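As structure tokens, here come the structures.
First chain A sits with chain B, and in the next complex the same chain sits with chain C.
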Partner chain A sequence: MSVATHETPVTAGATPRPKKKRGPDRRPGLSRSLPYLLLAPAVLLELLIHIIPMLVGIWMSFVKLTKFFIANWSAAPWAGFDNYKVAVDINNAVGEGLLKSFGVTIIFSAVTLALSWALGMAAAVALQPAFKGRSIVRTLFLVPYALPAYAGILTWNFMLQRDTGAVNHVLVDNLGLTSDRPFWLIGGNALISLITVAVWKLWTFAFLTLMAGLQSIPNDVYEAASVDGAGLVRQWRHITLPSLRPVNLVLVLVLFLWTFSDFNTPYVLFGTAQPPAGDLITFHIYNASFLTWNFGSGAAMSVLLLIFLMIVTGAYLLVTGRRSRRA
Partner chain B sequence: MRLRSLVAAVAVSALGISLAACGGSDSGDSSGGGGGGDATLTYWASNQGTSLDNDKQVLTPVLEKFTQETGVKVNLEVIGWNDLQTRIQTAITSGQAPDVVNIGNTWAASLQATDAFLPFDGDAMTAIGGKDKFVPTALATGGKEGTDPTSVPLYGLAYGLYYNKAMFQQAGLQPPKTWEEMVAAAKKLTNPAKNQWGMALAAGSYTENVHFAFINAAQNKSEWFNAEGKPTFTSDGNVQGVLRYLDLMQKDKVANPSNAQYDNGTKAVNDFATKKVAMVINQNNANSSIVANGMKPGEYGVVPFPAPAGGEQVASHVAGINLSIFKTTKNKDAALKFVKYMTDAPTQTTLGKPFASLPVLKDAKPAFTSDAAEAATFSDIYNTKSKPLPLVPAEDQYESTVGKAMNSMFAKIATGGTVTADEVKAALKTAEDQVAASS
Partner chain C sequence: MRDTKGFKIYRAVVLAVLGLFVLVPLYVMVTSSMKPLSDVQGAFTWWPSNLTLDPFVDMWRTVPLARYFVNSTIVSVAATAFSVAIAILAAFAVSRFRFRGRTVFSTTVLSTQMFPGVLFLLPLFLIFVNINNSTGVQLVGTRLGLIITYLTFSLPFSIWMLAGYFDSIPRELDEAALVDGCGPMGALWRVVLPAARPGVIAVAIYSFMTAWGEVLFASVMTTEANRTLSVGLRQYSTQTNVYWNQIMAAALVVSIPVVIGFLLAQRHFVAGVTAGAVK
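Presenting the complex of A and B:
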């Protein structure tokens, strides 16, 4: 709404101007087209970088683009919905693999999202009151976010090695929690490792966003609340949380989209030896396309993923939008 | 108003520039090379030495000599194994390809199917010196049987069983001639309490794993594809072959469970070179890593990777690197000259030592080791005990699906689970379905 009210005076102001100055006919035309001309580079690049590849991807999902046709992909035969049929047929190996990967990804996203948000919120609230060294701690918390993802995840890979890793050194050698050295990058523990690394990478973003949001809540509200006898938990529930609602709406959505389509973390953490427990969907699709050279099938899976994310995002915006209007 | 039109003009011209840039980069990148005149070839080499830089150092004088002889310049790019296949895929898809490229010879039939490579037919084969100069089994890896190959052998490699001579002597053991002897020796040399193991396996590397699935199945006289090129992964010989290899960790317990995380062969070789394990099965280019880790050439011996008693004497697949020419090359003649030069005897001898490769030429002597016995053993394995991996277009999918299935099974064993023959069969069935679905 605020956008609309802003725009009205601008257009109102702009309209009388050509009337006053009766210049050549060309001018009003140019001034009307100017915004579009200014927008054009952005629109064109958007088309070039996002829309066209997406359309190509959709086209690919309908053709049989295997290794026999990648040298001359315009000759790839039309496959109709065959690629999709294979991808959703859970009775065959490909569909079953996709479904399992989808399940792993849902668990991964939900847990990573929840932990990142909770940690980010806790840290943001804890660092709200001023104390000595606060800015140092804040800076320190931002390190994982500032570190290049590749370097950070690779370090985790070293730390999670069974025989030489720091994690087992602490758990087994120093603390003696187990006598048997657990594997962290293969088997069932792989998902725990993956979530840990993803949370480590992501929670600081939640922290940063929530911290920024907290700055806009006036201190008087908290003071008034504490005068009325509200404890810290109550203050958090009834002041902090509702005030951060707009921030949270965006944050949760962004975190979800990021974690659900996370590729770097499993790719760098597991390399070519990815365990089934860490088989996230974008990585799965990458393998389906590049290792088996079946780009049509990979594209079909990508389109399914796109549709799923669009539905989730749409539903989320619809539900939260309705609620905020009611509120 | 003047300002506005100025801004508009700037915007429009900026747009024009950005579009021109898009068009420009397209034509600018296609380094097809000169187009006539003094030709320049682009050559993508694979990583054969101890590092990408090492490869560059080894190859540069060899390429300079070629330029002197022919006047053809060569732009060299060395590409690591993790990227090479993707780079080739991208080159095929985009048409922006180098002129000549190294490929893993097991990809030959798969890459041939893309129709992006120049077949070495009668004329082209003559131009590079004729097919008779090559070891026949090596040349057989160049493409599907009964077709003109789209790649020719460049460096030959073969698996051998490396053993630590001192450890064997102390335990009073002879180098194994059968699988059973190998397992018995490995058991005797295994002592988990002292972190001492009989063998090291690259059990987390799908490419290594699939090679052993293949070799062990071949020892059982079993095939992975039938005559029509359809996968037959679940045959009993394949299941038992895979299980036999898995059992080194599972039943015989002669390999450290940590090996399930070894995602490349070098890690296993390093364990051998640092004397933590008594045996390792690796290709003959292990030598450089072994020596780099402090083991002297006389301290280890090599025997063929043994088959079980009564099994087929297959000790290796025909491993190695092949050379291909992209069809899109604008310098076909220069590219053919280059392939001839790289596969001729003098170049083969020059590169044989630094890259620890076996000669792909008939009657050539291996130059990769000064140990005559080792050289003879590897030559014997390569020439008489090697079988090419399936020469079918789906070979790449066979590697990734079966190899990854073995990764998972090793992971299960390492984390305390057991893998039965039925489970191996089920895993191979899944792999077979995946291959069938995308071929």
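Presenting the complex of A and C:
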């Protein structure tokens, strides 16, 4: 059990799994080259699709890579830090747009993360003790995660239509909350729509992960606690939450990174008519790059985004690491 | 223990609220796919004025859905097959051998999973365009480009998950196979892989879902010839009428294979995700 708490049963964990002590290989001659041969295809693809593009991306951010040079990149003139200067200069339209988009993304990411985690936790706890029909409910809750992202978002797009959608039908026709039908996909409400749709998809991932983590908590712990007179809330605070700590550490980080770079939700929900209130940063960079075909500027914005995410991730790992050492 | 009234009320409320939240969009998708066009053009109704399956027939004509379907299937199946095979080899190396660069490999590969896709999008597009210009290998606007890209997307997580699975299989088993005269590859094929079947299935489903649902790169790397479903479904809204009933029918049809696959294998999937915790 103590080993289990060090593991991170979450997808795409940032922490590599701890190594086990292994005996020496019996056949040193063969095993020296074999592991590298086994890794070769994976390494080649990672280089081609991930590593080299990232380095090229950094290079791109320092050249004037406008549409004239896309098919002939070696001729693109050097730009120094010009792309970055434009991107962070809040007095011009490009910099101002990027800053606004950054602000929108922070709100979106924070609210979506908090709601997804809370709903996932609420459901995982509710489904922890066995009851009749539990597996059906669990299966149902996993459907939004299993659905291709665009299929779910398209459905929400339909539901959020002003005149023909289900949301306004409920709010205006059934409940009579407002007399005029609000717009959900343009104007200020776009951010609310974006968060709702993102939470609809993401909370089930939090649920899946937390549910898996709860399985490692033995039932006797709860029984002992309730014999000692601990109520449900105290059991949750003093048993469930601490036991889930390693899961939560990775889950929160993954949810943050996913929500912060969410592209599918705004792209499928809004199409090309992006409302400023729903202008998430990945979507913003995408539009900035492909509307103007100025890849240099888009690359500079991407690198800034990467630096921001690395700083946040680093700080997060530092703070949480220090706290768990103290504990 | 937690049979208290308080907990039961809590559970009932949570299940009701979240059940509605999950179900309403699914309900809207299914019922709207069986509505006549006039129903989805007027005010929303909870039930079709007359139930029809026409949208499921018409949807193939409004846009070339069959072509998108074929493209998505070829791309996803190929990406999954290669991704799983490559991940098995890499995970076997990481799990069963100690070699220089092992930690560097694992950490680097996993961290690429953390970076936002838009970071790779522009450079990869540029690289593909220039590969085409210098070698004539067409990667933008072809299925090949998509296959290579998607299979790499699912690699990091697949390697990580499979390595966890392989770790949980006792090394004594493959040592027995080695003693019996199998090479290391024979041990992988005859001993490790059969024991890790649930993990392989889970990884395959994950890879397929990744390729089937990818939007960002598909929106840039596809032209009419290799367009996949994820961007193809948008074509319904570019028509003179927005055929919401057909969009919902198409969304339903493209979802069914992956949802069924995922739900059938959900136990393996959860087990794979938690492989680290249970071993």
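One rule holds in what follows: the second predicted complex is superposed on the first by the 297 of 327 C-alpha atoms of A that agree within 3 Å, B and C clash if a C-alpha of one lies under 4 Å from a C-alpha of the other, contacts with A are read in each partner's own complex, and residues count from 1 in each chain.
Going forward, a contact is a pair of C-beta atoms (placed from the backbone, for glycine too) under 8 Å apart; a residue touches a chain by one contact, two chains touch by 3 or more.
What you see is a predicted model, and the numbers here were worked out from it, not measured in a lab.
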Touched partner set for A:A212, first chain B, second chain C, both or neither: second
Chain B versus chain C as contact partner of A:A273, first or second or both or neither: first
Partner chain(s) touched by A:D163 [first = chain B, second = chain C, both, neither]: both
Partner chain(s) touched by A:L34 [first = chain B, second = chain C, both, neither]: both
Touching partner for A:L318 - first (chain B), second (chain C), both, neither: neither
More chain A residues in contact [chain B versus chain C]: C
Touching partner for A:A71 - first (chain B), second (chain C), both, neither: both
First (chain B), second (chain C), both or neither touched by A:N294: first
First, second, both or neither for A:G188, with chain B first and chain C second: first
Partner chain in contact with A:V94 - chain B first, chain C second, else both or neither: first
Contacts on chain A seen with chain B and repeated with chain C across the two complexes: 23, 27, 30-31, 34, 38, 41, 45, 48, 70-73, 161, 163, 271, 290
In the complex with chain C, residue positions of chain A that touch it: 4, 7-14, 16-17, 19-20, 22-23, 25-27, 30-32, 34-36, 38-39, 41-43, 45-46, 48-54, 56-57, 60, 65, 70-73, 119, 122-123, 126, 128-129, 131, 137, 139-152, 154-156, 158-159, 161, 163-166, 168-169, 173, 200, 203-204, 208-209, 211-213, 215-216, 219, 222-223, 226, 232, 235, 257, 260-261, 263-264, 267-268, 271, 282, 285-286, 289-290, 295, 298-299, 302-303, 305-306, 309, 313
Touching residues on chain A, where the partner in the complex is chain B: 21, 23, 27, 30-31, 33-34, 37-38, 40-41, 44-45, 48, 66-68, 70-73, 86, 92-94, 96-97, 161-163, 181, 183, 185-189, 271-273, 275-276, 287, 290-294, 297
Of chain C, residues touching chain A in the complex: 1-4, 6-7, 10-11, 14-15, 18-19, 21-26, 28-29, 32, 40-45, 86-87, 89-90, 92-94, 97-99, 102-103, 105-124, 126-127, 129-130, 133, 148-149, 151-153, 155-157, 159-161, 163-164, 167, 171, 175, 178, 183-184, 209, 212-213, 215-216, 219-220, 229-230, 233-234, 237, 244, 247-248, 251-252, 254-255, 258-259, 262-263, 266, 270, 273-279
Of chain B, residues touching chain A in the complex: 1, 4-5, 7-8, 11-12, 14-15, 18-19, 22, 82, 85-86, 89, 92-93, 95, 110-111, 113-116, 204-206, 257-258, 260-261, 263, 327, 393, 396-397, 400-401, 407-408, 411-412, 414-415, 429-435, 437-439
